[in-house]
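First subunit A sits with subunit B, and in the next complex the same chain sits with subunit C.
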Partner chain A sequence: MNLQKARNVLGNYVFVIPAALLFFTFSLYPFFKVFQLSITNWDGISPNMNYIGLANFKDLFFDNPTFWLSMKNAFYVTFLALAIQNLLALFLALICDRDIRGGNVYRVIFYLPPVLSGIVVGLIWNWIYDGNYGLLNHFLSFIGLGDLSRAWLSDSKTALICVAIIHMWKGFGWGFVILLAGLQSIPRDLYEAARVDGANSWVVFKNITAPLMIPVFVLVSILTILGTMQIFDIIIATTGGGPGYHTEVPITRIVSTMIGSSKFGYACAMGVTFGLILLAISMVQIRVSKAMRQV
Partner chain B sequence: MPIFIAAFALAGCGSKNVADPNTVTVWHWMSDRDEAFLELARRFEAETQIKVRFELYAPSEAYAQRVKASAQTNTLPDVYGVLGEKRDFASFINSGYVADLTQALNAADAAGSVWKDGVFEKALSVNEFLPENEYSVKPGIYGVPIDVTTIQMVYNKSNYAKAGLDPEKPPVTWDEFVAHTRVLKEKGIPRMVSGFGEIWMIEALATNFAMNAMGEEKVFDTFRGKVPYTDPDWVRVLGLFKQMADEGMLVEGTVTMVNKTAEQTFANERATYAFNGSWGINVYKGMNPELKYGAMLPPSLVTSRPMKIWGGAGSSFVVNAKSPNAENAMKFLRWLTGPEAQAYLSKETVNLPSSKTALKDVPPVLAEFADDMQNATHPNVYPVHESPVVTEAFNKGIQSILIGEKTPEQIAQEVQRIKEKESKKK
Partner chain C sequence: MSVFNPASGEVNYERVKKMTVSFFSHCFLISVSATCLFPLWWAFASSLKTQQTVFNDLSLFPKVPQWENYLFAWTKANFSLYFLNSLIYTVTVVIGVIVIASMAAYAFSRLEFPGKNALFLILISTMMIPIPGSFIALYVLLNKLHLVDTRLGYILPQINGGLALGIFLLKTFFDDLPKELEDSARIDGCGRFRVYWHIALPLARPALAVLAIFNILAVWNEYLLAMLVLSRKELMPLQRGLMVFQGAHITQYPLLMAGIVITILPVLVVYLLLQKHIIKGITAGAVKG
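The block that comes next holds the complex of A and B.
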């Protein structure tokens, strides 16, 4: 009997081993390796790595204003994405949740930008924002606002917000799909009961839709924060982080440190710090959402 | 489970570079030259019965990462290229990933010709480490160039004619350049473009001006920390970019433009000047075969010193020091840098050949670039190099000047502050 039990247990483990091996190899090992590399001055090439303790972190925290500026830029884009992109996604999801004509067509259209490559999207918007032959300047001239024309991506006042707009345009489709799925999971009889009681649309939204959608809002917010803070491809395709440091974000800093300066260890320290900050934000957000649900 | 085991086994096979003693494997990143390489591999095999397998991994950033990752796992191919700066190359050599080619380059073949003698010295010097170099690399030559590149300026002759300027007389001095751009501006003709969004292009142009304005030694002394960036000569160099912004010399958006877009802009005649590399000739030919343009050096500030430009080896190949096919790999590289293969490569890809004898067959515009080779120096052969952190601050600072956010004096002070901080870290 014991032998049989042992066989069963062993059999279970055998089935788990492939997944566990893949997980250890491709997730856990790289994860811990980044921590290990972050305390070295490895250049990414040499087989030798010298341990330098927390020197990379010390420099990053106290002597690298550019990294923190890039963090500020990423927070700015994230704030805009949370506020505008998600509101737009919710608004469109609410419309498509109703039985409107051609609803499926709208769903496909709204979901198109997220499936496009960030580089392609960046190049298309480059053309829109172009200072000489751009569509935006053309449009502004057409409506009599030609004075506002400029090279949008090369102007320090507009570069970051222009990049944020591209990111929001590309990203709102994700939120739209998730929010729409959330809206459609709310039982319809709740709405019918509220209508029978005389509730108007705002009251229905406030007392039924919003409370039941909190888990979905949290999910969308977390995905928005994580996705936006890691914005990279659009910036590479549009501004390269410039002009100056106006559109630098943490990932561009990490890449330029890793490849441009061959400071692999330092770049890993940046990655670890950035990852921990994202983790902390996500934890806070989950706690807040739990508190909101209790209210 | 069997699927899993099979997947792992296959993955293992895929990642290991299987050594075939009669096949030389070459990894490259040059998608525009892939077909020409394949044809050359066919020709080489027909001549020598040694098979060469070219494997393309593009874009160059992905290629560079692949090479670094393969170095860690000892799966580098027989022949590959090290992309990056001299310190990366040095690190590859010091780590034992690159074979020393000095002996092979100095050896004479059956006909008595020495490999090294057929290759442009300036191009070869990029792959050379001199005694007592700053990276402690054993002196020697570690790579061979397969083409030559110069980074300078091109100008649109049709736009010159439209503006009433002599299409055969591009500006030589900075003052002439300013005067010509003013004429172009008056006629409403767009002026200069470059891929300043890729900040190394800014560095290339600024270094040209600096070398001309203050001489090489003073620039190197700045890198050594003996001359501050607040020196009037450096402020003057930075001031040129302010003048570019103030005079509206640059096409709108140049400051964040990637070089590909800048090349398109010039090819479509939406700019009269472009600061670009000789590789651009191929792009211009592809986009606008009717484009009438000529090559020129960046305008000089002082005529008593030459206008030094970046140039030398374009793309180089190295031999894996651990390759069992090292001998065949060297044989192939010698053939690839020989006159016939170089003439074919130059004709097919419109790049300057690294072989001296193949140069006589290049197209006219390419020949203009070749004429300026005497003024070219590859930054990799500088005796001293600036810290990448300082270089980035300098280049980004110029972007700030170009958008009118900061003055040359402010940027000079900021860069000097970073320079001092970096020096203390050393």
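The block that comes next holds the complex of A and C.
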């Protein structure tokens, strides 16, 4: 009887073994390995590695302005995405939440850029921003603003904001879909009741919609922050981090430290630092949202 | 109900206001839609121009569409090869994720074994912890296993990448499923694997569809891992191929745009056919947090 039971349990394990095996090999092992490598000066090739304690981190914090510049760039794009992209998404979602004709068609169109890859989107926009033949310059000279023309992505003044615009173009439809789903889960009779009481649109939004949407707002902003800070594909397809270091972001720094300069240990230290910063941001946001809900 | 009532001579202001709001709403929605669609159409139109006309011809409908650009991109610029590779990777990863995640999700939902809850918690927690840079260690691992520059080295990490969300989605689905059908099958002498395969899995079809689409898009659009792991042209998927083509022929815009259209087209078809499931998928995927 006991043997029977043991065989039964063993048989149950068979169901999870493939998943567990893959997970331990390709998720858990790399996760811990990054921490281990981050305290070495390993170059990725040589058979032996030296433990150098926190030297990588010390260098990263005090002697690596490029990394912190890349962090600043990512924060800049993230800030724009939070402010402009999400506000646009919210505004569109509020419009489509009223029974508007063709609402589903708009939804299908808005979610089109998010299903494309960053590479494809970046390459298309390259062609729009191009300095010699780009559509944007053609358009500017057409409306008589030809002297604004420039190579938008290789001009240090405009490169970062142009990349941010591509990123927001690709991303707002995603926020829109989630926010709309949130709005549609709000019971309609709440609105009816407020209308009967004579509340106008702004009062309804402030007193009913916004408080009920706080969890969705938090979710969208956390995912926007995590997604935008880790922006990579669009950068690689457009500027590659240039001109100079003007559009470098943390992931491009990590990749070029790893592949370009073969400093695997150092790249891992960058990854750990960056990961902890992201974790801290999302913790703060969850805290803030909890506090806000209690008000 | 009309705006103006000729009998009483009164204007229905409520109605006028509604129509005005609706008009401006549509104007706004249409201009945002145009902003979404225009770059894509521009890429398509450019793909039909010649190397000479593409820089100055701004028409959105080229007078003499150069369809042979596509033939050239497909045969001479290797896009047929990249396309086939993308197809292989996508199909393999999606099948892998569906089989492995559904088995595990079924076990977490229905079967008993020691360590079940702990294992589930570890699996799910990785969805929430951002680990940028773990791709460095992943690369090191693949190197050790001699999987760098192999198809398997590109496929296995991506199957793993789809597992957490897959297991989470499917477990929730199995939890909500009534047990009676499975119980009676068991009484009839079906083993647990047959119950899972013949009864639970077919019932989970809607959830499997969501999961499949999610992973199709993720794998088709993946770039970072392809860049790290694959350096032989014969193994590259489309996204990587596009970058290689751009690096080698930076000014061949019509061909590059043709390559882009070839890359987008399958995504577009899948998206338009299954957009309801996709929308369901992202909302479900977002709620995971």
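Quick notes on this one:
Keep this in mind: the second predicted complex is superposed on the first by the 268 of 295 C-alpha atoms of A that agree within 3 Å, B and C clash if a C-alpha of one lies under 4 Å from a C-alpha of the other, contacts with A are read in each partner's own complex, and residues count from 1 in each chain.
Note that in this section a residue touches a chain if its C-beta (ideal position, glycine included) is under 8 Å from a C-beta of that chain, and two chains touch if they have at least 3 such contacts.
Only a predicted model underlies this, so the values are computations on that prediction, with no experimental measurement involved.
With both complexes brought onto subunit A, simultaneous placement of subunit B and subunit C is prevented by a clash. Of the two partner chains, neither subunit B nor subunit C is touched by A:194. In the superposed model, A:18 lies in contact with both subunit B and subunit C. In the superposition on chain A, A:261 makes contact with subunit B only, not with subunit C.
Contacts of A:240 after superposition on the shared chain: subunit B is touched, whereas subunit C is not. Within the superposed three-chain model, A:80 lies out of touch with both subunit B and subunit C [touch as defined at top]. Looking at the shared chain after the overlay, A:156 reaches subunit B, while subunit C stays out of its contact range. By the touch criterion defined above, A:271 reaches subunit C but does not reach subunit B. Among subunit B and subunit C, the chain that touches a larger number of residues in subunit A is C. Once the two complexes are overlaid on the shared chain, A:44 sits against subunit B and subunit C alike. Judged by the touch definition given at the top, the superposed model places A:214 against neither subunit B nor subunit C.
Among the options 206-214, 242-250, 260-268 or 278-286, the segment of subunit C that ends up inside subunit B in the superposed model is 242-250.
Overlap of the subunit B and subunit C contact sets on subunit A: residues 15, 18, 44, 132-133, 237, 259.
Across the interface of their complex, subunit A is touched by residues 22, 25-26, 28-29, 32-33, 35-37, 39-40, 42-43, 46, 54-56, 58, 100-101, 103-104, 106-108, 111-114, 119, 122-123, 126, 129-141, 156-157, 159-161, 163-164, 167, 192, 196, 217, 220-224, 227-228, 239, 242-243, 246, 253, 256-257, 260, 263-264, 267-268, 271-272, 275, 278-279, 282-283, 286-287, 289 of subunit C. Listed in rising order, the residues of subunit A touching subunit C in the complex are 9, 11-13, 15-16, 18-20, 22-23, 25-31, 33-34, 37, 44, 88, 92, 95-96, 98, 100-102, 106-113, 115-120, 123-125, 127-128, 132-133, 135, 138, 169, 173-174, 177-178, 181, 219-220, 222-223, 226, 230, 232-233, 236-237, 250-251, 254-255, 258-259, 264, 267-268, 270-272, 274-275, 278-279, 282. By the touch criterion stated above, subunit A contacts subunit B in their complex at residues 14-15, 18, 21, 43-48, 59, 63, 126, 130-133, 150-151, 153-156, 159, 237-240, 242-245, 256, 259-262. Residue ranges on subunit B touching subunit A, taken from their complex, read 1, 4, 61, 64-65, 68, 71-72, 84-85, 87-88, 91-92, 94-95, 97, 190, 197-199, 251-258, 261, 270, 388-389, 392, 396-397, 399-400, 402-403, 405-406, 421, 425.
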